[in-house]
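Input: one structure, supplied below.
Chains: A, B, C, D, E, F, G and H, in written order; residue numbering restarts at 1 for each.
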Amino acid sequence: MKKVAVIMGSDSDAAQVGKAVDTLKEFGVPVEAHVYSAHRTPEEARRFAAQARENGFGVIIAAAGMAAHLAGAIAANTTLPVIGIPIKSGALDGIDALLSTVQMPSGVPVATVAIDGAVNAALLAVQILAVSDEGLAEKLRERKESAAEKARSADRRIAEQFNK
Amino acid sequence: MKKVAVIMGSDSDAAQVGKAVDTLKEFGVPVEAHVYSAHRTPEEARRFAAQARENGFGVIIAAAGMAAHLAGAIAANTTLPVIGIPIKSGALDGIDALLSTVQMPSGVPVATVAIDGAVNAALLAVQILAVSDEGLAEKLRERKESAAEKARSADRRIAEQFNK
Amino acid sequence: MKKVAVIMGSDSDAAQVGKAVDTLKEFGVPVEAHVYSAHRTPEEARRFAAQARENGFGVIIAAAGMAAHLAGAIAANTTLPVIGIPIKSGALDGIDALLSTVQMPSGVPVATVAIDGAVNAALLAVQILAVSDEGLAEKLRERKESAAEKARSADRRIAEQFNK
Amino acid sequence: MKKVAVIMGSDSDAAQVGKAVDTLKEFGVPVEAHVYSAHRTPEEARRFAAQARENGFGVIIAAAGMAAHLAGAIAANTTLPVIGIPIKSGALDGIDALLSTVQMPSGVPVATVAIDGAVNAALLAVQILAVSDEGLAEKLRERKESAAEKARSADRRIAEQFNK
Amino acid sequence: MKKVAVIMGSDSDAAQVGKAVDTLKEFGVPVEAHVYSAHRTPEEARRFAAQARENGFGVIIAAAGMAAHLAGAIAANTTLPVIGIPIKSGALDGIDALLSTVQMPSGVPVATVAIDGAVNAALLAVQILAVSDEGLAEKLRERKESAAEKARSADRRIAEQFNK
Amino acid sequence: MKKVAVIMGSDSDAAQVGKAVDTLKEFGVPVEAHVYSAHRTPEEARRFAAQARENGFGVIIAAAGMAAHLAGAIAANTTLPVIGIPIKSGALDGIDALLSTVQMPSGVPVATVAIDGAVNAALLAVQILAVSDEGLAEKLRERKESAAEKARSADRRIAEQFNK
Amino acid sequence: MKKVAVIMGSDSDAAQVGKAVDTLKEFGVPVEAHVYSAHRTPEEARRFAAQARENGFGVIIAAAGMAAHLAGAIAANTTLPVIGIPIKSGALDGIDALLSTVQMPSGVPVATVAIDGAVNAALLAVQILAVSDEGLAEKLRERKESAAEKARSADRRIAEQFNK
Amino acid sequence: MKKVAVIMGSDSDAAQVGKAVDTLKEFGVPVEAHVYSAHRTPEEARRFAAQARENGFGVIIAAAGMAAHLAGAIAANTTLPVIGIPIKSGALDGIDALLSTVQMPSGVPVATVAIDGAVNAALLAVQILAVSDEGLAEKLRERKESAAEKARSADRRIAEQFNK
């Protein structure tokens, strides 16, 4: 199976971004986490991106806050799909990171998820790998069904609590 | 090759969304365009999404404006990767569509591109298919190189124009 | 009397949304609360909406946060009036939920109240039922008068505190 | 049948707000349009609202731009459901009118629709009257089906245009 | 001397709005505080405004949060200068109150100060009264000089702390 | 009668700001217009402000766009009431000018009106002068009544157009 | 004298960015313009930045729109001062470019000017060179005085037009 | 070596702004801190700015919150480069200060850094001085390399934590 890379711009984002790693491992997807900064270690970020495909990666997840250039800097150097997680940090609570990640110019897309959406970034990576992997697709269906079942339980609890 | 679906919420978005179709065709990716509205034909949207994988689709692109629920409504009914294009329309110029598309709750990701980012949505779809298709990956590299070459030509023109 | 449905997208919103249930009960309006998610249990949401009128409901209240599609998804499947409560959650404090709820395209309205406006959603539902129910209208007048009386008391307290 | 009032803050909004009147007439709903300004003729607005129920109105639609107080001022003086249309005007393109209309404090709801959402305001008014009027409900179902049919036609046109 | 009225929409704003009362008293300006709500006691607000000039008021300060209509509702019913204080409350931290207060349509101005700017509202009221009251003008000059002196002391402390 | 100064930061704002001058002249208020820039001629702005009271001014209106410092710079140098008009210009359509004008720190208020609210700035200036000038107060009442009468005419026209 | 580089992300920004080149030439500052894209030719951008100091540059100006990463990408690879011009383009009118440019994380500053502020970017570059170049400083003083003189002329024209 | 001035609008910003002073001292750059307020001590601010160059300063850093006019007021009175730090304070969390600082009109630039970006403001000042000071340039390179090394250590820690 292709690997998924989870890149964060700073290890201060590890708690948030770690959820992406955990989710990928739940699916049995091989994952590799790194700290590469678009501004402090741009060469490491570039080199990793440029070699990611030949190094066996299928998807790259990149998480950064504020003027979040990391996902774009990765995407500039690979043709793999790059998923961007805007991180909530600083005075503007992540709206700067969202716009810096999603508003990419024509030619270099970044697949952006919600602010602090680490779990969804991982699920999206699994969905991408599952396009050609029926086993993963089946696991996604199971998780979807399990989430639906949890919502149905919640419905029963709420009905019990309020509907009398 | 897996097909890519391009769904728009209204045919008034056809000019914008058509660029995604054109880009996909440039890559030789089989594409199918539809008008399904999350609010006017929700059942058609649901059914399409639910059967998309078995019908040979690998990626679904969904474009909508204002309270843009289409991509999320599609994603609720499939485990395929869903790409959302927020369309600029109405009084708020697309910021409503962007937030309605990208801020999905945990469990159901939508891979969001820039407002009116139809070309990037198509490129992202190609990148996703290219994870397991070396031929497509090669075409992406060529397009990337061609874009770089255009930027280098522009640099020469600008140098000619300004640097004397 | 027609019933009012109070649907929440997740039971994590129960504390906030519960105020709507409580307010409806104060008016003696029959109420039924449910957890239906536009993204995790879309079929349950659809079915509930489609059958709500024949099942004796007069109004549906739907509460959700972030890319809040729930009210719109309900409204797509019924001709009953649907009231949307945008819930404050996530990094953007509810502005995403507000725009996702209120900016509905032409043809499918959602009657939107303030962010976290659960009490007002309930009052609006009562007002809707009271269009053809003079008893409810009388109770609304009493509550309005009681709120005015409380404001007058506050005025006296403030006058006492500051005007000497 | 109860009447619907359509109040605009200024006759410069007549083109936009007229769509609400037209839509109501399509449903055969008796409608009365007025210009009452929360700031220039507050007494007229107040008196109209205070007497609306006894004068045979079931719903009041109020449209205003900028610091749009009209819907709230109406709602303060009636227990009828009040629908607010934020009008796009001035430098901020209607986001001021949206927030001024929807963010009502607890106790006095305004059912807010999208910026310039005059048609949806009318449809919402019809939905409210239709809670206890099966004939109107049937007309709403027909219009919903007709909108769906239009979307299906658009789908066929788009398929013709793009899918070959 | 003319009196200044300080009106708040709710006594939950008393702590914040009380600073305006205190500041006015420091200047020896006669002040009267009230709770009048544009939505819960609109008639009291209207009557107070309409009679304020003949009752000896020179300026009216009005403070409210969210869809803050109070200052506008007061201004609609008087030709006295009305000062609006947008109060920070609810999910949007006062940006709704700011726009609802300042974006008044042509013909009915509200002199708006910063969000939670109660002290400045009071100073502005004193400035207005001081246009024709040299004694008050002198007190304003003294306060201005005192504020400058405090800034100069702070400069000396900071120089001591940092410049060595 | 005290004079009103109308200061603009640039003569490119003359068309917009001229409405303030015209409105003041309609009331027979003596007015003096100037171009003083907080950034290009700060000393002229400062000197004008510092001497305005002794030079017979009662109110200063200041209009500027973008990072609109003019009203604040004037207010820093006078104890007269200063009215700020945020001008719509540049990429952000005046929201920058609004925040730069209204969000003044404690101690130095600016009475802010709507973006491009030149007429309201003039009316507010007249209201301020009218606190101690019954003749002006009477003219304000007449204008208010005339505006109400215009709204009533509009109501009749709209009734004619729509209510048949 | 050190040279100033003016880098634009795309030659579609040439009209806007050309003003920076023109302004620099007015001061006799040697200037070199280039098109380097952070996303299409990242290696060219990196190499230019890394060698800029040894190649005789003193300041780098970088202009880009939307998710404007260019200035940050340059700043990551040099210790020269980098000035960022956010360009107005796309649906969000430059607020995305502003936040993407200015909200840089600690360690890698970008000196950001206003949206489309090409002339100011050039003036800032001249100011930086003028720190150690008295001749340039003198030219800046002259330009400042000339701008003041133009404002004074405008004041006289406005006085003529309005003050009679 | 030229000195750097660090001006804050209020000593309540000292904790935040002190980081700029500390960073400058780490580089051995002579620094002078002051409290000058654009609104409370405008004359002191003006005089400092006007004499800064002849008093041996090379760069001025100015930090202020809300309607942050300080950097602009300084820039109006000097031809030295002025760096603005928007401070997070008040209800709007610094977006007002950011726009008030960065959106300067043509002719008077302010080099703006991120909200609360005191360290970056200091680094930018050092970069400016280092244009003509090879020793400082060397220190900047060392700090850049040290930041990169820290990022590499973080990468190793994260790899240890997640990649097994």
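Convention: a contact is a pair of C-beta atoms (placed from the backbone, for glycine too) under 8 Å apart; a residue touches a chain by one contact, two chains touch by 3 or more.
No experiment lies behind these values; they were computed from the predicted model shown.
Q: Of the pairs A-B, F-G or B-G, which one shares over half of its contact pairs with E-F?
A: Having compared contact pairs by residue number, the answer is A-B.
Q: Taking each chain's centre as the mean position of its Cα atoms, how many Å separate chain F from chain H?
A: Centres of chain F and chain H (C-alpha means) sit 35 Å apart.
Q: Return the distance between the CA-based centres of chain G and chain H, expressed in whole Å.
A: 18
Q: Report, in whole Å, the distance between the mean C-alpha point of chain A and the mean C-alpha point of chain F.
A: Those two chain centres are 51 Å apart.
Q: Would you pick out the residues of chain B that each touch at least 2 other chains?
A: In chain B, the residues touching two or more other chains are 10, 37, 40, 66-67, 90, 92-93, 95, 102-105, 107-108, 110, 114-115, 144, 147.
Q: If we use the touch criterion from the header, which chain pairs count as touching?
A: Chain-chain contacts present: A-B, A-C, A-G, A-H, B-C, B-D, B-G, C-D, C-E, D-E, D-F, E-F, E-H, F-G, F-H, G-H.
Q: Touching residues of chain D toward chain F in the complex: what are they?
A: Contact set of chain D toward chain F: 6, 8, 10-11, 14, 18, 21, 31-37, 40-41, 44, 66-67, 90-93.
Q: List the residues on chain E that touch chain H in their complex, please.
A: Residues 88, 93-95, 114-116, 144, 147-148, 150-152, 154-155, 157-159, 161-163 of chain E touch chain H in their complex.
Q: Where on chain E does chain F make contact in their complex?
A: Within the complex, chain E touches chain F at residues 2, 53, 58-59, 79-81, 83, 98, 102-115, 117, 119-121, 123-124, 127-132, 137, 140-141, 143-144, 147.
Q: Provide the residue numbers of chain F that touch chain H in the complex, in ascending order.
A: Those in contact with chain H are residues 9-10, 37-40, 42-43, 46, 65-67, 69, 72-73, 75-77, 90, 92, 95-96, 99-105, 107-108, 110.
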